[in-house]
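Structures for review follow.
Two complexes, one shared chain (chain A), two partners (chain B, chain C).
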Partner chain A sequence: MANLITTLDPASRAASRGWSDTTIRNVFVIPTVAFLIIFNVFPLLYSLGFSFTDFRASSKAPVNFVGFKNYINVLADPVIWRTFSTTLWYVIVSVTGQFIVGFGLALLLNRPLPFKGLLTTLLMLPMMLSPVVVGLFWKLIYDPSWGILNYALGLGPVAWLSDANLALYAVAITDIWMWSPFVMLLSLAGLSAVPKHLYEAASIDRAGKLYTFFRITLPLVAPILLIAVIFRTMEAFKTFDIAFVMTGQPAAELISSRLYKMAFQQWQTGPSSALAYIILIMVLCITNIYVKYLNKAKER
Partner chain B sequence: MAVVSTRAGRLGNRLAITAVILVTLVFLSPIYWITSTAFKPLVLATSVPPTVVFEPSITPFVKLFTKRAQLTAPVDPAVYEAAPWWEKLILDGGERLSRDGKGEIVYSAYPDRFINSLIIAVTSTVLAVSLGTITAYGFSRFRVKGEADLLFFILSTRMLPPIVVAIPMFLMYRAVGLNDTHFGLIILYTAFNVSFAVWLMKGFIDEIPKEYEEAALVDGYTRMQAFFKIVLPEAATGIAATAVFCFITAWNEYAFALILTNRRAQTAPPFIPSQVGTGLQDWTVIAAGTVLFLLPVAIFTFLLRNHLLRGMSFGAIRK
Partner chain C sequence: MAHIRLKGISKTFGNHVALKDLDLEIADGEFFVLLGQTGAGKTTTLRLVAGLEKPTAGQIFIDGQDVGDWGAAERDVALVLQQYSLYPRYTVRENLEFPLKSPIRKSSPDEIKAQVDRVAKTLRIEHLMDRKVDRLSGGEMQRVSIGRAIVRRPRVFLMDEPLSALDAKLREALRTELKNLQVNLGATFLFVTHDQVEAMAMGDKIGVLNNGQLVQTGTPHEIYANPVNTFVARAVGSPPMNLINGQVEQGSAVTAAGQRLPFDGHDAAAGRALTFGIRPEDLYLEGGAPVAARVHDVENHGVAKIVTLRLGDSLLQATVPTQTSLKIDEEVRFSWHPEKVVLFDGASGINLRHAG
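Presenting the complex of A and B:
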């Protein structure tokens, strides 16, 4: 009997003692998946229901089914379209900024440097900080009369955060400050993975610096840069805390702030649920693209 | 890159080093600014032009923890002499400490909010990492039906904009009485950290060779013993890195805390900005609160530096 057992593969031997693999798998996986369904799918179904009603969370008035009226109203609202286009512009400005600063820094850092580890660690600090607290202290920095920024740049009393033309850029600058190091880290990982012999071959062929950069470096780093850009696009699209804390300027209102105001200040629960659903679908589309590239990158 | 021994190459390298140092200084200046504000006397915090060099003082931190009132009359010298050094700092600033009926010092709301943050972040981290590790092990070692779809679902729960989820969460929490409770925030933070923990831990566990466990199974371990005695110790670094990430996320979270708490269970992120905009604010006190709040994250960033990239990219980049 003992001989028979030893000839079986280890997994089934283990199964004959203690829990079977199937039990372990179920015990390990099912609770988490169930927990996530309760906390993510269930609330979303709940708000899907509300998005077809005139429910207001602040009143006890009877709730009426209104069909697609909320969706139609939300999509016909010029204020919402404005915040959508503001958000889009914000995403473009801040992601482009992060890309330029981050990739530029990575190119500078991609060489033997003294204290390289210390420098990169210090550069990581901004993105780990609480966005709301970052927003708050940039408010102090941007202050038109006693802020350090205007003084350091020798500008007059520029009201960064209350000027309709500047507020969005001021928020974007803060976001660029916070997240360029992220693009930098990803780019550095990509740059350090470029095989050295390619550069040696290029230098033997007397290829110019620009040629080497565009024909060797860039194509090899591109997949990882793409991941950085998609990830930051997704995050920038969701931006709430930084912008919400920094400025009340309507010209800089992002879609998340609009949603917050509709849902929790005006208590338009039905319409805000409809808007939430529209945003949700957009985010899921970007996430889908992101995961596709993520899996591709993992396969490499 | 390859050839740096030429004169032009060396010059380029020097320029790059100078540029990197300058950029790092520019990047750190906002952090220096808020830190220095936390040690400034009140009059210097909002001086025109801004004060860069000054004699640091600890007064903002004393103010952070106490409630104060304006002095209406000069302090009795005997009282002043009897006061401890930190109370003298307040008296020097023309204020006195508020005391309750029994003469006990009244503390500000800050320590409570800080402790709330600590309780909620630590508990949710422990829960998320425990659940995340075993689930990741399940996904890594066994065949799970619809694995790719489940993993996508798990990731997508983390990608939802917080306000979108907060609307139904608020209504559901209100219905079951979880609004403004520690428990409510703890399970919510656990839910959104667990998805992250699963993704990250799956990468770490995938890297542990299956042969280790199989060898243990041959030696007579059960699968559970192998998991606890072989896999967990091997995954220790990964678990620590994941835990730090979860802690930082929960510690920094703002949107849900803003919507789902208001007093009892309020954490520091919604509390700190709520101090701004109530008349003449004392920026030194806000800065002091901010610095204390940022300190744990700064320490963790330093400890986490080698795993940071991996965590921030959901395990896409392994270094």
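Presenting the complex of A and C:
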């Protein structure tokens, strides 16, 4: 029987299960591709078209082709540059924080512990929550007059979310709280994949704890750590919900909030499409740098 | 260089008893081989000496010092494992430098280079130095892993089946090299293997482990010629010792099936159930010999032929010169050299000479 199956070509094998290749194509592949084209590819290209016009989704005025004017205007706008640099700083703070906390937790968890499974699951709860919910209850935590944070730290009425100097960090802390578990999970997978006999060999070779960590652990988990950082950088760049829910402080305005306001409050559809494309290109560039490092780390 | 002594060592993992009251002594500069089946406790013994595991009971002495509370680093041992355990992503040179660069024993860069080069030359891996270890063949990896062990001149070398993942040719070559290395370094080696050929070929002394207990310790010759019980008789030697049940009657050995073979001495043995042990090379075929048997199988090994003889229900193996021509199912007559026969108690399997 096994012999019979291997000698048949794929089409007749599928047929023997009652599905022909044509049926599979019609039932599964065509709907999927159609869905992708309608909801992903088409809007992508359509908005690319918008980015070269003065189209406003809220008016019926005739649409004019304006060339690169939208791009030039967006790039010349100091407000957008400010939100860009805010976002960049936010990404650095938030991803660094998640990396340190997440990898640190993974190191602590990567040893025999009682209730390890339970502990890991509990630590992963934040990333399973809805970002809006997280934003809302951190807003309560940060509340200047009756928030638990000020009370617990014994601070006076510190207005975390409306202070121009603090708001961005307050949002970043929330993001770190929410997404460190993700870095932890990936790091834990990487750490547990390091063969135990290498650590034994290192202890026989009289390597110290730090030396072992930097010479054995780190090089072996580096690729998976980089993957975690890529994911988190891309996500942090797009951060919208948490920040939007938590603060309206202009000093903490992120690029996606700016985009939202341009597109859906001011109805500048053309320029906002241009801005969206600029963001897309930036994110692609940044991830590309990481991917290059990743390939290098894997090769070594 | 060091002298090792294990005293009353027991080790249990949960309900599983890995070692039971083990006593072992390895002299300074000795090549000691621990021989045993999978699960006999060889690797556990090695890991206890290395300090990677703590014994449940008993003491371990290195050079007379109780090292029970010492970690692996303080014991100053080197370990070579079957799976090589090279540090991935590093070159051969970096792997060899690793033990010398550890902060505990910092050497100067010149010293490190000199030592690494010396080891590379000894193991003939100089041409591989800048290669990443992932790109090496099995034999090369094992050489590098041995190199990493010898580069810092530890007190004791521990080797856990280092050759068993290699193909036969390479295994034989490295076996010789390792033995030479040990002689040149004058180091104490504790070598673990399940391969009795390896044990016989390399060991100054062999310890046979069975079910967590040391069954016999001795030179390869002692263990081969005078096994302490039928277990060792079967475990050591290839092909293993022939074991024939029977008893002594009127000065000759009578098998359970009734064949009579010559026997000398040992009146004490008369009248009780015995197992006669005889090595294949001490059986010989001869026209006028006392016992008849049929040829069951013939294996030509080049240096000799190994003949399997069918004697009633049992099979015996004999080595004969290559030029002997034999046909399957042919009737032959054989005898043994009576002075080479080892007597085991029929019930307990214990060698009568060892029992006193």
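The rule is short, and it goes like this: the second predicted complex is superposed on the first by the 256 of 300 C-alpha atoms of A that agree within 3 Å, B and C clash if a C-alpha of one lies under 4 Å from a C-alpha of the other, contacts with A are read in each partner's own complex, and residues count from 1 in each chain.
Basically, a contact is a pair of C-beta atoms (placed from the backbone, for glycine too) under 8 Å apart; a residue touches a chain by one contact, two chains touch by 3 or more.
All values reported here derive from a predicted model rather than from experimental measurement.
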Given the alignment on chain A, is it a clash or a fit between chain B and chain C?
fit
Would you sort A:57 into first (chain B), second (chain C), both or neither based on which partner it touches?
first
In this superposition, the partner of chain A with more touched residues, chain B or chain C, is B
Report for A:185: first if it touches chain B alone, second if chain C alone, otherwise both or neither.
first
I'd like to know which partner A:151 touches here: chain B for first, chain C for second, both or neither.
first
In degrees, to the nearest 10, note the angle that opens at the C-alpha centre of chain A toward the centres of chain B and chain C.
100
I'd like to know which partner A:287 touches here: chain B for first, chain C for second, both or neither.
first
After superposition on the shared chain, which partner residues are touched by A:215: those of chain B (first), chain C (second), both, or neither?
second
Report for A:200: first if it touches chain B alone, second if chain C alone, otherwise both or neither.
both
After the two structures are laid over each other on chain A, how near do the C-alpha atoms of chain B and chain C get, in Å?
6
Intersection of chain A interface sets (partners chain B, chain C):
200, 203
Spell out the part of chain A that touches chain C in their complex, as residue ranges.
195, 197-198, 200-208, 210-211, 215-216, 219-220, 300
Taking the complex as given, what residues does chain B use to touch chain A?
1-4, 13, 16-17, 19-21, 23-24, 27-28, 30-31, 33-34, 37, 46-50, 131-132, 134-135, 137-139, 141-142, 144, 150, 152-157, 159-172, 174, 187-188, 190-192, 194-195, 198, 214, 217-218, 221-227, 248, 251-252, 254-255, 259, 269-270, 272-273, 276, 283, 286-287, 290, 293-294, 297-298, 300-302, 305, 308-309, 312-317, 319
What part of chain A is in contact with chain B in the complex they form?
10-11, 13-15, 17-19, 21-22, 24-25, 27-29, 31-33, 35-36, 39-40, 43-44, 46-47, 50, 57, 105, 108-111, 113-114, 117, 119-133, 135-141, 143, 145-148, 151, 177, 181-182, 185-186, 189, 196, 199-200, 203, 224, 227-228, 231, 234, 237-238, 240-241, 245, 256, 259-260, 263-264, 269, 272-273, 276-277, 279-280, 283-284, 287-288, 290-291, 294, 297-298
Taking the complex as given, what residues does chain C use to touch chain A?
50, 52, 71-73, 76-79, 81, 83, 85, 87-89, 98-99, 101-105, 132, 148, 152
